[in-house]
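Multiple structures are listed underneath, in structure tokens.
Each of the next two complexes has chain A plus one more chain, namely chain B in the first and chain C in the second.
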Partner chain A sequence: MTRWLILGIVLLTVLSLGVGAAGLGVPDPLILWQIRLPRTALALLVGGGLGLSGAALQGALRNPLADSGLLGIGGCAGLGAVIAYYWGVSALFAPALPLAGLAGAGVGCAFLLMFAGRAASGPSLILAGIALSAATAAMLALALTLAPNPFALAEITFWLMGGLEDRTLSHVALALPPIALGCLVLLRLGRGLDALALGEDAAATLGLPVGQTLRRTAAGVALAVGAGAAVAGGIGFVGLVVPHLLRPILGERPGALLFSSLLAGAALLLAADLLARIAPMVLPLAQEPRLGVLTALLGAPFLVRIARRVAP
Partner chain B sequence: MRRLLLACRLLLAAVPVLPLAAVPVLLLAAVPADAARIVSLNLCADDFLVLLAPEQVAAVSILARDPSLSVVAPQAARLKTVRADAEAVLALHPDMVLAGAFGAQTTLALLAQRGIRIERIGAPHDFDSIRAETLRLAALLGEPARGDALLAAMDRKLAAVSSRAPARTPSHALAVQPRGYTSGPGSLTDAVLRAAGLIDIGAGRQVSIETLAARPPDVLVQAQSPAFPSLATDWLRHPALAAIPRRTVPPSLLICGGPWTADAVALLAE
Partner chain C sequence: MIRLRAPEIRLGDRVVLRDIDFAAASGTLVALCGPNGAGKSTLLRALAGLLPKCVAADPRHVAYLPQNARCAWALTVAEVAALGRIPHGDTAAAPIERALLACGVGHLRRTRIDRVSGGQARRAMLARAFATEPRVFLLDEPTADLDPAAAHQIMRLLHDTARAGACVIVVLHALDLALRYADRMIVIDQGRIVADGAPGAMLPRAAAAFGLAHGIDPTPRLLPPA
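Moving on, here comes the complex of A and B:
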């Protein structure tokens, strides 16, 4: 499986470097290195982080609906990034953007874990996530109406739909360290998540430090999702869909899904971004469809299917 | 001031035959007796109102004070500002409200119900419509001489540019706006580029950085980046575009078409 996923990523990467608004094929070196390479690298990074975060969250919370987007963690990250950007902090100190994104995501994760610790039932966690999403959406709107830029509300509408167009290598440099660190933290949680699948009490009797495993999950998700949202905007459903696609092949064990979810998330987001780039070439579109819109269009029917299966 | 008002009221109470309308005249002796109190709720209306009839301003919009958007920011710093909020506008007791073609519909409907005259200003898209709109507003505000003077200054600047013989073949220019939209034929920016002797290759469509890098124009015309952080203008800093020559124009000259737009032509023709 891993071999096939890596082969897929290599193929998609080659395609991605050869497709863009300037046409098909090997482009001018300037376009290749300054435009298509950052875009491809970010799609792989952000997608990998989202896929792995989804698998880790679903394992840690023992909830098949857990996803950074649905639980409002992506929204928290967006709120942090918006505050850092529109109040000029990131203009003075560029790493403030991913840092604020992951600070926001960290707060969201902490809130959800606190909640998950008290109420174990699946639906109540999703409800807490919906409440968190609503609260962050309201705070985001408030932040934007107070922002010094009078057009902030309009431009953020596009940003929240997620996208990777026109990013630069400096965006890659900003996002790479936190996402890589977050992925490392999450990848090492395999055995802990396998034990947690038996329930927190059973895991504790097996000698697993439950609290520590949950905290590490939260920290890893905050790093991977927060930095991803800071450079790519709101991209949802990747973390929800990827583990579900892999389970029929790899089985239910959370630990076995982690590395494959990283690869599959990267491949899925790069494929979606390629689709966004190809769409204006074959359809009468004035501009690319937003990446987050595509992932939501692909992911929402999936959510309906899962919800139907989970419902008693 | 309050004491003066009180004195006036006492005076009025003592001499009931004095007409009420005389009070503003007593207080603002410098203003001609027929001056109206005018509120502007639109940035472009602010520009025209302050240049044509500063004595009649009751309030301008808050955007008028932003030097990146308004050509009358220094004057507006000393003027009262008001939001497009019916209560706030009514409290100023205006005779007339200037508004843009769109927006603030419910506010304006409410003000009109209270018997306040609402005038909508146009959005000139070339120098002929700038002339027409300036004359119309100058007449509306009772300042035809100032309107003529503004237009005479504009025409002098335009004539100075067109009298300069182009030294070489005209450049192909692309004016890019936030988020990569280009100005197309029939737009104010198109008129400015042509008046400056450039060939406007914009089609009004959105361009991507990749398209620009693959087929760069001779010159990229951009508005000065705003002082506040803006995602929509950040993309012009993309390193793939660094090699394309640029001309920068203050956005205040192009946001609203008016006599001041000639300054943008002069800047681009330099």
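Moving on, here comes the complex of A and C:
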């Protein structure tokens, strides 16, 4: 499976470097380095981080509906980034944007894990996530209504929809360290997540530091999702969909899904981004559809399918 | 061999158990009996080191199976048993295989645990405990919700395990199973150990704790499979 995913990523990367507004073919080196390479690299990075975060969250919370977007963690990251953006901190100090995204995601993760520690039942956790999403949406709306000028408003709204166009290698440099670190933290949690499948008590008697595993999950997800949201805006459903696509092939052991979810998330987001780029060439669209809009449109029916299957 | 001494054991600010001086030797099957809320599960959790201020048990030597133990994901039976190797940090095939065979789920190893019967799922969870190859088993109601034949099979397995040298401590609601299979019965009532000894001799005290009478019942009865 890993081999097929890597092959898919290589193929998609070649395609992604060869397709753009300038058409299909070997591009001008300037276009390649300044436009297509950053875009491709960010799609792989952000998608990989989201896919792995989804698998780790579902494992840690023992809930197949867990996803950074659905649980409001993505919204928290967006809120953090918008605050940094809004106050102009990010204009003065570029890393402030991903750092604020990380901080926002960290707060969201901490809230959910504290909640999950007390009441780990599935529905109550999802409800807590909905509450968190609603609160961040309201705060974002507040930030938008208080925006200093209509341009800032349009810019923030556009950014919130999520997308990867017009990114540069400096965005890659900003996002790479936190996402890579977050992924490293999450990839090492396999055994802990396996043991948690038996519940927290049984996991503890297997010699597993349960609290530490949950805290590391929160930190890893905050790093990967927060930095991703800071450079790519709101992109949902990747983390929800990816582990579900892999389970019928690889089985349900949480630890077995981590690395594959990283690869599949990267492939899925790059494929979605390619679709967004190709859409205006074949459809009568004035502009590329936003990537976040596209993943939501593709992911929402999937959520309905999962909900139907997990409902008692 | 496992031992626990505690003047009182609290859950939050409520005192659940008092004057606990508990020890169990290798090679015995100990049944913890008593009415709902007496503190049986709390005693087991304390022995497993799950309560604050309790010494954590060595996970390589002590296996704990919670009440209504379930697996959140549809792992295969063999994958569930393999989780029992986590304390040893390996996935050694031999102990997993022995555990699957001992618990009678060898033929289900590739079957997902959500596709087997309740009794088979319970035995798969037991296989997880067996795969650890512990000296002490702490099992909370391993026969709950099982049909009588499956319950007898599991108790017989635990009896044989104790005979082979392990210390097996089981919370049991079914007094008849305790009478038939246990070497020692401990009766807990309102947070205190009120009786401790051979199951037959402890029956009057156990019956009193449940508010039941006891005696010889001459009506036809179900017996375990031959």
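Convention: the second predicted complex is superposed on the first by the 309 of 312 C-alpha atoms of A that agree within 3 Å, B and C clash if a C-alpha of one lies under 4 Å from a C-alpha of the other, contacts with A are read in each partner's own complex, and residues count from 1 in each chain.
Criterion: a contact is a pair of C-beta atoms (placed from the backbone, for glycine too) under 8 Å apart; a residue touches a chain by one contact, two chains touch by 3 or more.
As the structure is a prediction and not an experimental result, all values here were calculated from the model.
In the three-chain model built by superposing on chain A, chain B and chain C fit together without any clash. When the two complexes are overlaid on their common chain A, residue A:20 makes contact with chain B while staying clear of chain C.
Once chain A of one complex is fitted onto chain A of the other, the partner contacts of A:130 are absent, as it touches neither chain B nor chain C. When chain B and chain C are set side by side, the one touching more residues of chain A is B. Of the two partner chains, chain B is the only one touched by A:287; chain C is not. Angle at the C-alpha centre of chain A formed with the centres of chain B and chain C, after superposition on chain A: 150°, rounded to the nearest 10.
Of the two partner chains placed around the shared chain by superposition, chain B is the only one that A:168 touches, whereas chain C remains out of contact.
Contacts of A:35 after superposition: chain B is touched, whereas chain C is not reached.
In the superposition on chain A, A:150 makes contact with chain B only, while chain C stays out of contact range. Closest approach of chain B to chain C, taken over C-alpha atoms in the A-based superposition, is 43 Å.
Residue overlap on chain A between the chain B contacts of one complex and the chain C contacts of the other is empty. Across the complex, chain C is touched by residues 62, 191, 194-199, 201-202, 204-208, 251-254 of chain A. Against chain B, the residues of chain A that register as touching in their complex are 20-23, 27-28, 30-31, 34-36, 85-88, 90-91, 147-152, 155-156, 158-159, 165-166, 168-169, 286-288. If you check the complex, the residues on chain B that touch chain A are 63, 178-179, 205-206, 208-211, 213-215, 226-232, 235, 238-240, 243. Chain C meets chain A in the complex at residues 45, 48-50, 57, 59-60, 62-66, 69-76, 79, 83-84, 86-87, 112, 125, 128, 132, 138.
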